[in-house]
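The structures considered in this document are given below.
Next come two complexes, and both contain chain A; in the first it sits with chain B, in the second with chain C.
After this line comes the complex of A and B, so read on.
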């Protein structure tokens, strides 16, 4: 039984680290800043999520139920999209190079910075 | 500040704080429960001014359904992004799509933008709170209309039902 749990823990740890790696590769390989944001927001959420799931399993099987990791996951899910949005917003205002056609800003950057 | 004084200005926030406190301490001992309950009452009272809009949950059961759908989408999002990342980068056709929103609560708009960022192929890039438009960056811009429809039916509609707005 404990062998099975160990295997499950290993599975989640490996899955998590591979997705974290893929997310980082995406950061390097994708063509422009907006596409690059897709790597960190997605691949890392499942990556860290799986690693934390492995952590929950490990500590729960050894010293009683442990759910602290859910908290880390919750805060990660709240902050990752916000930081991605801030980055892309900054890139939009700076008119960074983009493969996709940048949307026209109908009200100027000065006006927009007023309401954030 | 015209609203009358209550001890629970935000019942949802109170419940969330108690759960957070218990998770933080990793225990459900009576002492921690009392302390968590104390924070659950005091913190919303002190931060009332930061939360001007009141939030009500109309359909609690729908939350579970939506959460399950989001988890499923996050997993599939990861696989699709992994495929894009490891495949030829020439195949990527990124584009911006403007999604008009029907919701009018700040919190719900934020929640929707977060969900869009976590799910397949899309990252919300900008929110125009005045015009209620969500600017979404997608990795696959073949059919913007379908993308708008998907976001609206898959996420916006259930969120609207849950929070009754």
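After this line comes the complex of A and C, so read on.
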């Protein structure tokens, strides 16, 4: 049983760190900022989530049930989409280079270019 | 087995941190740099959690939570600054 839990911990830790690495590779390799937003936000959510799950399993099997890591898990799951959405809005506002055609209507940028 | 795997995971996260730092210095736009900084924060929080598992102390997660919190707040502030030219309106 303890061996099985160790195998599960090893699986989660390796999965999490591999996904963090894949997200960072996506951050380096993808062509524009809107594509680059995908890599880190999805992959590090799953990556850090898996590492935290491994940590929960480790400390629950060694020192009794410990659920405090769920706090960090919930916090990360709530904040990652918010910051990604704000960053994409900032990139739209700054008219960053994109391989796709940017939409014509944007709340801040369109008004500004319309006034000037 | 567990300590070997933790070392491997730390190496993988270290490579991820190096790649993030590369994007942080290279990034063509300020948004890329902010995104790289945000990812750097989250990955270093994961590294601290791994270190806590390595030495067997459960209270390291608080440091990781604090780092994730500061990363989120700074990302919010920087993105707000890019959007509005002001942080607190």
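Operating definition for what follows: the second predicted complex is superposed on the first by the 106 of 116 C-alpha atoms of A that agree within 3 Å, B and C clash if a C-alpha of one lies under 4 Å from a C-alpha of the other, contacts with A are read in each partner's own complex, and residues count from 1 in each chain.
Basically, a contact is a pair of C-beta atoms (placed from the backbone, for glycine too) under 8 Å apart; a residue touches a chain by one contact, two chains touch by 3 or more.
The model shown is predicted, which means the values in this text are computed figures rather than measured ones.
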Touching partner for A:25 - first (chain B), second (chain C), both, neither: both
Partner chain in contact with A:71 - chain B first, chain C second, else both or neither: both
Which of chain B and chain C A:90 touches, first, second, both or neither: second
Chain B versus chain C as contact partner of A:37, first or second or both or neither: both
Chain B versus chain C as contact partner of A:63, first or second or both or neither: second
First (chain B), second (chain C), both or neither touched by A:100: first
Doubly contacted chain A residues - partners chain C and chain B: 23, 25, 37, 47, 66, 68, 71, 80, 82, 89
Chain B-touching residues of chain A, taken from the complex the two chains share: 19, 22-23, 25-26, 29-32, 34-35, 37-39, 41-43, 45-47, 49, 66-68, 70-71, 77-78, 80-82, 84-85, 88-89, 92, 98-103, 115
Touching residues on chain B, where the partner in the complex is chain A: 20, 23-24, 26, 74-75, 77-78, 81-82, 84-86, 89, 92-96, 98, 113-114, 116-118, 121, 123-127, 129-130, 135, 137, 139, 141
Chain C-touching residues of chain A, taken from the complex the two chains share: 6, 9-10, 13-14, 16-18, 20-21, 23-25, 27-28, 33, 36-37, 40, 44, 47-48, 51-52, 54-55, 58-59, 62-63, 66, 68-69, 71-72, 75-76, 79-80, 82-83, 86-87, 89-91, 93-94, 96-97, 108
Chain A-touching residues of chain C, taken from the complex the two chains share: 1-2, 5-6, 8-10, 12-13, 15-17, 19-20, 22-23, 28-32, 34-36, 38-39, 42-43, 45-46, 49-50, 52-53, 56, 58, 61, 64-65, 68-69, 72, 75-76, 79-80, 82-84
